[in-house]
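Lettered A, B and C in written order, each chain numbered from 1.
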């Protein structure tokens, strides 16, 4: 029982990173009705770029590396927007989808080539700190990952619900044409969404690196798949949904790993997704949608 | 003799009662007009009749058979066809293909075997589609992409497509929208021609002149309920209708 | 010369993969599951020839049937999810299949060695072709016979009513339903047909590659599958073929010296292609132009 709780708790803490990735996917979907398949790769890419700063300025403290990842993520987000959504007409959904897939492959391969495919060590903070409550442990590094992620989510929610930009974003996601008619520059909202989700992705990538201790290009595929699963389970377009779903998936997979081992773990996550698709295709929180 | 009957049909969307306890009857061979201000529930009624939304309450019968639970594509084979307010043609398909894919009447299914119906080429359908093209005045244009047609041509094509499955009832959802006087006169003739062939017509329209000219009877909706029913002359004089809708002009 | 035959084999198998996605794309469903059906076809066919001693042709038939059954099973729940959710669901399915084979062991002893799939190590010794004395040329011709058959079938389909119905569903489901088209039947049948073609391709792949493993059937392959018809354009099967030739021919042959950079260039190529020609190489308009050029303005549905 204790093992179960411990696994679940560790999983939920780590799941905050999935929540961030899920938020990224779901926001782009909500605002533009498109999936940015390159998002997972860009997040890992941001983490790598943050790492490069560490290499360049040897001995940079970890928080600066995280900051570097944060900013690099935003930059990559902007680049993906340019490559995939700026020139291609949004009325060609297949073309935009395909181009994001192309970017996914491109970013992935760039990472592999610049690092020769070798995993890179990632700085962690508080990895030697353990908060103990009897038999139950909260790992310091995971707790940090969780808290940083939560802080970002809180900042995002504040942005969405307390600022004009957030209001514009929500308006565009509900009725893009009407929003335009009200004077909102939709293209600007789109770019901003990409940059903001990029920033979040960079932090997510950095946090994953911090939690796991290494970064490797092999991370991008499972991260992309899990991020998409979280998005679907949470409800396409719903930020709160992505948050809850991310924590849920994190906890779930860790518990499964305890009982079935790591090779079968991902298979069960797929099954979880299929269960949702069959029983609750709208996800946990279907967002306010338009009538048909 | 009633062809289509709606008994106490309601359709709610959350708190909005788009259609509220509607009793409507379309008699075989007639041209029935359905009018009402914007938001009165006309389009929702059409969508419920064609099966896009299940009714929240009530029953729908067609030719004496209860079709309340029948899926949309099945209603077509029962004999109910429709056009759309905002034209919904298959833009990437040719004129010919738009008509071809719609030949889904029970008679069509029975007429040829599975393989020839699905995998066969165009020759079997040439005669029937030729007639449809003639109706739409689009003979010789069959290889053009539907999206390349002019607006009026698209409307005619959509009308012809609705007829492709040899329906017993055609629902025309605001077919005159965006048309000029000449096109409307043309539409008037087509509707009458269709009736000559034994097809019943339910015409949802805003264009009062057309409605008054071509329909046998008119039903008026407001706030999802029927507020009046009768001949065009009766409706024009009806106080409730005037109040809700006509307001003196038009 | 053998190198070119090998390349032609690869192009053939990838064309089948692309065509399997093409059929499904016509109905408006973007399916990343084709790599999964491909994998299933590969393992089933290989297991039948290696473990049960079947001849390749019936093994391919069985693989195709398995592909059909799986695709049909996927096709029904796929109806409940629209648009991008379908992309994600099919992606997850494909990954699920890959993970299944990652965990799948079934070996039997043959003489001194054990043969059969072995989880992460994959399935080696798929030696039907070498054991039966097929030359590289013969293998290539064998593969291309199937490719040409499938292309002919799909080309004919494009001219038939079924083809028009598929595209009508892809254009506007609401209008299609209202015109009497049974969406379920159309979408599931397209998915099933796609499954058959993909499984066939997979079975052929397993035998010319002689060694398959789960990593062959991941997201990259799923991506290739839809990239071909999207980059090639959905107006005609030849678009998909052209895209396969371009991608594999250009990347493999033209950039042979760059070795590992191929995948990177593939990504960049897709991004570029989509920006320059969002509707693909052969869209409806240039198809007509080409037809007019070669056939001099003949009749016939597009």
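Please note the rule applied: a contact is a pair of C-beta atoms (placed from the backbone, for glycine too) under 8 Å apart; a residue touches a chain by one contact, two chains touch by 3 or more.
Since the structure is predicted, the reported quantities are computational estimates derived from the model, not experimental observations.
K.L.:
Which neighbours does chain A have in common with chain B?
P.N.:
Chains in contact with chain A as well as chain B: C.
K.L.:
With chain centres defined as mean CA positions, report which chain is farthest from chain C.
P.N.:
Farthest from chain C by mean C-alpha position: B.
K.L.:
So what's the Cα centroid distance for chain A and chain B, whole Å?
P.N.:
Roughly 48 Å, centre to centre.
K.L.:
What is the distance in Å between the mean C-alpha positions of chain A and chain C?
P.N.:
Each chain's C-alpha centroid was found; their separation is 31 Å.
K.L.:
Would you mind pulling out the distance in Å between where the CA atoms of chain B average out and where those of chain C do?
P.N.:
Result: the chain centres lie 42 Å from each other.
K.L.:
On chain C, where are the residues touching two or more other chains?
P.N.:
In chain C, nothing touches at least two other chains.
K.L.:
For chain A, give me the residues that contact two or more of the other chains.
P.N.:
Residues of chain A never touch two or more of the other chains.
K.L.:
What are the residues of chain B that contact at least two other chains?
P.N.:
Residues 52 of chain B touch two or more partner chains.
K.L.:
Touching chain C in the complex: which residues of chain A?
P.N.:
29, 33-35, 83-84, 87-89, 92, 94-99, 101-110, 113, 221, 224-225, 228-229, 231-232, 236, 263-264, 266-267, 270-271, 273-274, 277-278, 281
K.L.:
Which of the residues in chain B come into contact with chain C in the complex?
P.N.:
Checking each residue of chain B against chain C gives 50, 52, 71-73, 76-77, 81-82, 84, 88-94, 96-98, 100-102, 104-105, 117-122, 125, 143, 145, 161-162, 164-165.
K.L.:
In the complex of these two chains, what residues of chain C are touching chain B?
P.N.:
Where chain C meets chain B, its residues are 156-157, 159-162, 164-165, 167-168, 171-172, 174-183, 284, 299-302.
K.L.:
Could you pull out which chain C residues touch chain A in their complex?
P.N.:
25, 30, 77, 80-81, 84-85, 87-89, 91-93, 95-96, 99-100, 102-103, 120, 218-220, 223, 226-227, 230-231, 260-261, 263-264, 266-271, 273-275, 278-279
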